[in-house]
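I have a structure here, written as structure tokens, and I will follow up with some questions on it.
Residue numbering begins at 1 within each chain, and the chains themselves are lettered A, B, C and D in the order written.
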Amino acid sequence: MNRRQQRYGTLSAPQGDLALRYTSVRQRSMALVAPLSEADAQVQSMPDASPAKWHLAHTTWFFETFILERFERDFAPHHAAYRVLFNSYYQGVGDQHPRTQRGLVTRPSLDEVRGYRQAVDERMSALLRGGVNAEAAMLIELGLQHEQQHQELILTDIKHLLSCNPLRPVYRRQWPLARVAPVAAAWRVFDGGAVEIGHDSNGFAFDNESPRHAVLLRPYALTNRLVTHGEWLAFIADGGYCDARWWLAAGWDWVRANSIEAPAYWQRDGANWTSFTLHGRAPIDPHTPIVHVNYFEADAYANWRAAHDGQACRLPTEAEWEHAAQSVSQSVADGNFVDSGALHPMPISRAGESLMQMFGDVWEWTASAYAPYPGFQRWDGAVGEYNGKFMINQYVLRGGSCATPRDHIRASYRNFFPTDARWQFSGVRLAKDTVT
Amino acid sequence: MNRRQQRYGTLSAPQGDLALRYTSVRQRSMALVAPLSEADAQVQSMPDASPAKWHLAHTTWFFETFILERFERDFAPHHAAYRVLFNSYYQGVGDQHPRTQRGLVTRPSLDEVRGYRQAVDERMSALLRGGVNAEAAMLIELGLQHEQQHQELILTDIKHLLSCNPLRPVYRRQWPLARVAPVAAAWRVFDGGAVEIGHDSNGFAFDNESPRHAVLLRPYALTNRLVTHGEWLAFIADGGYCDARWWLAAGWDWVRANSIEAPAYWQRDGANWTSFTLHGRAPIDPHTPIVHVNYFEADAYANWRAAHDGQACRLPTEAEWEHAAQSVSQSVADGNFVDSGALHPMPISRAGESLMQMFGDVWEWTASAYAPYPGFQRWDGAVGEYNGKFMINQYVLRGGSCATPRDHIRASYRNFFPTDARWQFSGVRLAKDTVT
Amino acid sequence: MNRRQQRYGTLSAPQGDLALRYTSVRQRSMALVAPLSEADAQVQSMPDASPAKWHLAHTTWFFETFILERFERDFAPHHAAYRVLFNSYYQGVGDQHPRTQRGLVTRPSLDEVRGYRQAVDERMSALLRGGVNAEAAMLIELGLQHEQQHQELILTDIKHLLSCNPLRPVYRRQWPLARVAPVAAAWRVFDGGAVEIGHDSNGFAFDNESPRHAVLLRPYALTNRLVTHGEWLAFIADGGYCDARWWLAAGWDWVRANSIEAPAYWQRDGANWTSFTLHGRAPIDPHTPIVHVNYFEADAYANWRAAHDGQACRLPTEAEWEHAAQSVSQSVADGNFVDSGALHPMPISRAGESLMQMFGDVWEWTASAYAPYPGFQRWDGAVGEYNGKFMINQYVLRGGSCATPRDHIRASYRNFFPTDARWQFSGVRLAKDTVT
Amino acid sequence: MNRRQQRYGTLSAPQGDLALRYTSVRQRSMALVAPLSEADAQVQSMPDASPAKWHLAHTTWFFETFILERFERDFAPHHAAYRVLFNSYYQGVGDQHPRTQRGLVTRPSLDEVRGYRQAVDERMSALLRGGVNAEAAMLIELGLQHEQQHQELILTDIKHLLSCNPLRPVYRRQWPLARVAPVAAAWRVFDGGAVEIGHDSNGFAFDNESPRHAVLLRPYALTNRLVTHGEWLAFIADGGYCDARWWLAAGWDWVRANSIEAPAYWQRDGANWTSFTLHGRAPIDPHTPIVHVNYFEADAYANWRAAHDGQACRLPTEAEWEHAAQSVSQSVADGNFVDSGALHPMPISRAGESLMQMFGDVWEWTASAYAPYPGFQRWDGAVGEYNGKFMINQYVLRGGSCATPRDHIRASYRNFFPTDARWQFSGVRLAKDTVT
């Protein structure tokens, strides 16, 4: 086995149904933009977000650049300028169109991007029909996982865009979602010790999940469910956003500089709070998991809760979270993912003994800075830029959200965002030490 | 005659063909956006510019707000939210959607805005069929003049947007434009003395053109034609953008802070310069008038020319310009306006004895700060915000451009922009004192 | 008479007592910094202000550069680096230390700067003892006028610095100043017509005051006294800072972006307003002229007053102001200048028939953009940068203030600042048309 | 033992010579500012830095607030306003003067601050003479450790200020420092395994160094000495600052946004580089440790070295560093600290078998985000704000520098700065995995 094979060892083995999976994932992207007008798909509402049209084109560029260019006989680019125009950040592939100006590219049109997708899909299908070697298969799987990440971003970015419109437009109306009686929070205890985290080499994983390695954990506990909107209302009512005691210094600066008084998308409507959802503006449902809070808010909430309950609590580390996720019976399949169509975190439908809501609903902030695992090696070539160069000044989130495709997530999956990011479906689960 | 009538005295008398004119102007706006996709019409490429869709809606809002709401029996708004959404800056009408966020409003769609236009047009037609009084007629004329101003902005704003696209898209391809042998620059002399400027009350004028009043002018001369691209190339070649001597202090700060080395839309292409036009990227034609320069550049060019020619020269004042425009035989009808379809300043087709290119081609920067004329009175009501509140920190431009409708311009017309604005079709004519 | 002599024609003829005047002006600068510590003299509290130490050094640099370097036999610089370090903005003299970093230059020390002043003073004295020609005499007079301008800035800049200190330190305690019974405002009428403004060539003037020239004025009136603090309190009480109607568009943007609710240096102290003065924090005296308002505020006040009084009023033009100043009996000598020691605008001590407070107390904002007079010519050489290159985006103020040396001012004197500047001693006198 | 006692358990036991140590540390601060003028001590040259006068006052405020106010009988504040003026960031103590405006406070004068120090020192001496309990003793020790941290900042902040002066002033001239033959770099190997880090409870430690706890380390190696200026010159010569491959994404953005091409304080002087030191501008000595690089640069250098040497290398984790520091024979006493008077990193004077330069010379960037140790507890009360609230978006540095007092450092000491900070004496030691 040569070095390159070794390095791609964490990519999944070629699957008989790769072609089928390719078609399915690609179609899912188109389904997500179906409710959007050409104008909706064009606009970049803030620097962190990208236009839906750009997501459609960039994911296609990924297949063209990393698979077709390398494995297709007589490769010729679909459009020479797209190499730069839809390159997100791969220095190894050459220049990139400036990130903040993605919304200014009104041409190619949405139809032309659809044509680009179709042309690449046909060429990919031909390639797949001809059979691909293990490396190509792995890169195709990477392209599909990449596209699934952008599917989530299509939803979070369009949510941000629509929220900027005073007419409060709707992405898809399906409200009210189910209402269920609340489940009391309780601690679930773990012994800790020397445990293993990281990907176990079954199926696909990103390079940042490897190598699997041992870590030492002290005995700890996690709450059985996510922090809810109702619990957050109590934090607000108790002056949580007005009291420096709960906040990291940088968080407090952020609160004051931006006059923050509630999670993103919240708005006072008389005496009550409402929030903007993909179903339009809606009242706060106290039993649903809190969402659209950033690291600063998650951490402040934990500090307030500790003082309020008279018992230390905090955010979990990513190792604690992953060890717990390995240990419990809840499977990924139980989660509220994009596949459910809810597009919003949901109350618990069925209380259980074990940890609930570990997968889906909201990404859970951890206390862990995003860093390479011991012995981490980037993938070879330009795809080596996929993760490694972002391992700084960001924090890890775990478990996927209501905008994540179900077959995209796993216990070792590491998402990461800066501490002030709020437009993702990000929420909170609490942890504590059980021995002090 | 009551006071209100008196105050609207500069508005044109009701015309038999007002309905016809209404239809014609309104259709012209739609014709201008015909080459645009929904995406093109959606995007705001910089704070100074607005989306084409917004221009279409705002001009319609103007008729709905200032004519229908006041003169229509049983008025009801087309859509309650539009009152805020498409209000540009009229504090007297209530809140406004923030200017910098116009591009985020993807809904109403372009089709819905077309529907808004059609509905208001039908109601306006009904109103006109029923006959309108003098005040309504004047306000309708104001609405049409207002729409013509936005027609020019549709072109300058879309030019800016398309220029941001590395694919260099084309608004309308009609290149090369005519080429003609150059005309030598020469001075045309005026005696000065006590002369009158301002609107003479024949036909429509904005409030800022009144009252007509006397000013004292020293003997002066203007160049017979506009400064050309070829002359500007000589300025650049002589280091014009690298020599503080020619520049106002604020202009020099602007040059250095932005690393300016040529007019807007210019780009080096090997040894040559090209510029972005509405026909795509094109080589610099030395015989066409220079365009897309701001006040700082216009003033620096004049200072450089004075040193270069060993003879003082400068920008004209607006009074000098207007007096000259009154005195010469060239009529507005000769100018290169939007009606010609060139959408770019053109070389002189036929040399004459008199001043040439006074109307059309490019707006000519004057040395005059935009200020109220002696005895200036704003119009009554919210339309009083039309001009007066902008009379600060801006400078006057005269004569109209290749993006201006021909029937919109006149000798007394005062356009105005800040000293660093370059995205308008703005150029330069020189002046000098003939007695020192 | 050669050209250079002609160009310096507006400079004063050599005076027998130039050496005496030199000593007197230079000593006055040192007296102004006497109450300052080395730390006070070091700090630059905002980009518009400069450290007192810098003012002392820069004015000395002016004499060294423009007089000694040209007229001294065997000239050698006091310190080679000072040529750049203390050059404010003269491109013709070479590089300049960045304006915003003047406060970082802790060495040379204040003592070394004192030494620099003394050395240059000795060399200047030697030069003057030897006799100077007309051109040198004119440049020396320019240097003295220049130093007087910086004397005013020493006071306005130190006032700003001290106001930033929560301990509210005092420059010089002399409070309370005189209190006098109020004088009712009244209009003083002028016929207008073709009048002459600009310097009459008697004594020194800056190049920007020439050439003297005719302007046409419509009949107008000015108020007999300055707007007072008491009148401004009424403007605030009536919601003046909360009502867009009174404000220029750019002014309203400024009010909202900066949450402005009162003039600079004001602070609410319970139910009352106080302001920071060079004598420390003090209650608002309603009979003193309003001070530390910018153009936007001055213009808004005039608009509010017009609506409040039901009678149009506005800011005067500089031509109106100067014509009035020529016509009235009040002499410069009556004014409250820095010589009085009050360092604050004062109430009227003696009501008269004529215009009062035209000179001293506060600089009066005019409606006139700062522009070259017809036929304006800059001085030759680097001193030609003194005024001309700033004639853009600024407005003219007239009459001098309580921080201006009395022998520095005259009717034709033109001061100028941007529309948002408030740290100068700037106030308001109203004007109106008497024929409409 | 009550809870409070328990929480302060990591503070040193009261020492017989605490009074002596108090005097010694406090005098050392005064000695450091002895070469400064009042102007030098006044200015804040950038937001990250503070004026030397402020450091002197703030450290005094610390003793007044946390010791005198609590333990002194009949406590009265030295000056009521100082409570706010010299509070850095302790929300628990009340308001703070804005950090960026520390340089504007010209009064109290430097002499008054000296008086403040003297008064507090006298009261502290009286308190110590009377005997203090364990808690007071611990807080006094904390105050001394705090003051030692500010002693380092006095030097780094004054270095930044003096570097802004084009005259290149000198803090203390002692150049050239010793030159010694270079020592070849070599790897020193460690077995890893489950090792303990964190403070061992002997002597003082900050709360962030506790609790001591086990971590798992893979086998690793560190270089025997620090990366040198000479090695950095090779990185620059090889285009290190121009090649995105070596840089974290955020680092590359920083390089381009700021046009970085060398470490802080470097300047090209013809063909050679010089750097600004506390001894003035000096040529780069290739054998001295590299200094004034930020995390981005340190990380990029490691990546470049790995590619250059064909062998993976990286920054050490803080656990690797601390374990190595525990294991080697070099004592703190060997280091080049502020006590040596060099005020600059020095070449190795004597090559050894073990790790060299672990203590002193430059702070060594580690790959570890600054985070609480497992089971971390903040100190009680306002001093709990000392460390915990900064545990976000910063990275740990280890070992102390040439500006650190020798008796202030230890193997478990954790310093921390954001990834773009360069004005500290920060450098690089490389690490690698020995098993892959």
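Here is the rule we go by: contacts are C-beta pairs under 8 Å (C-beta built on N, C-alpha and C of every residue); 3 or more make two chains touch, one makes a residue touch a chain.
The shown structure was predicted, so the numbers you read here are calculated from the model rather than taken from an experiment.
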Would you identify the chain whose Cα-based centre sits farthest away from the centre of chain C?
A
Copy pair chain A, chain D: interface residue numbering same or different (half cut):
same
Cα centre of chain C to Cα centre of chain D, whole Å, reads 48
Between chain B and chain D, the Cα-mean centres are separated in Å by 60
Between chain A and chain D, what's the gap in Å when you average each chain's C-alpha atoms?
37
Going by the touch rule set out above, which residues of chain D reach two or more other chains?
none
Inter-chain touches occur between A-B, A-D, B-C, C-D
Touching chain C in the complex: which residues of chain B?
89, 91-92, 194, 213-216, 218, 244-245, 247-252, 295-296, 299, 312, 367-369, 371-372, 374-375, 377, 389-393, 419, 433, 436
Could you list, by residue number, the parts of chain C that touch chain D in their complex?
37-43, 45, 53, 81, 84-85, 97, 101, 103-110, 161-162, 164-167, 169
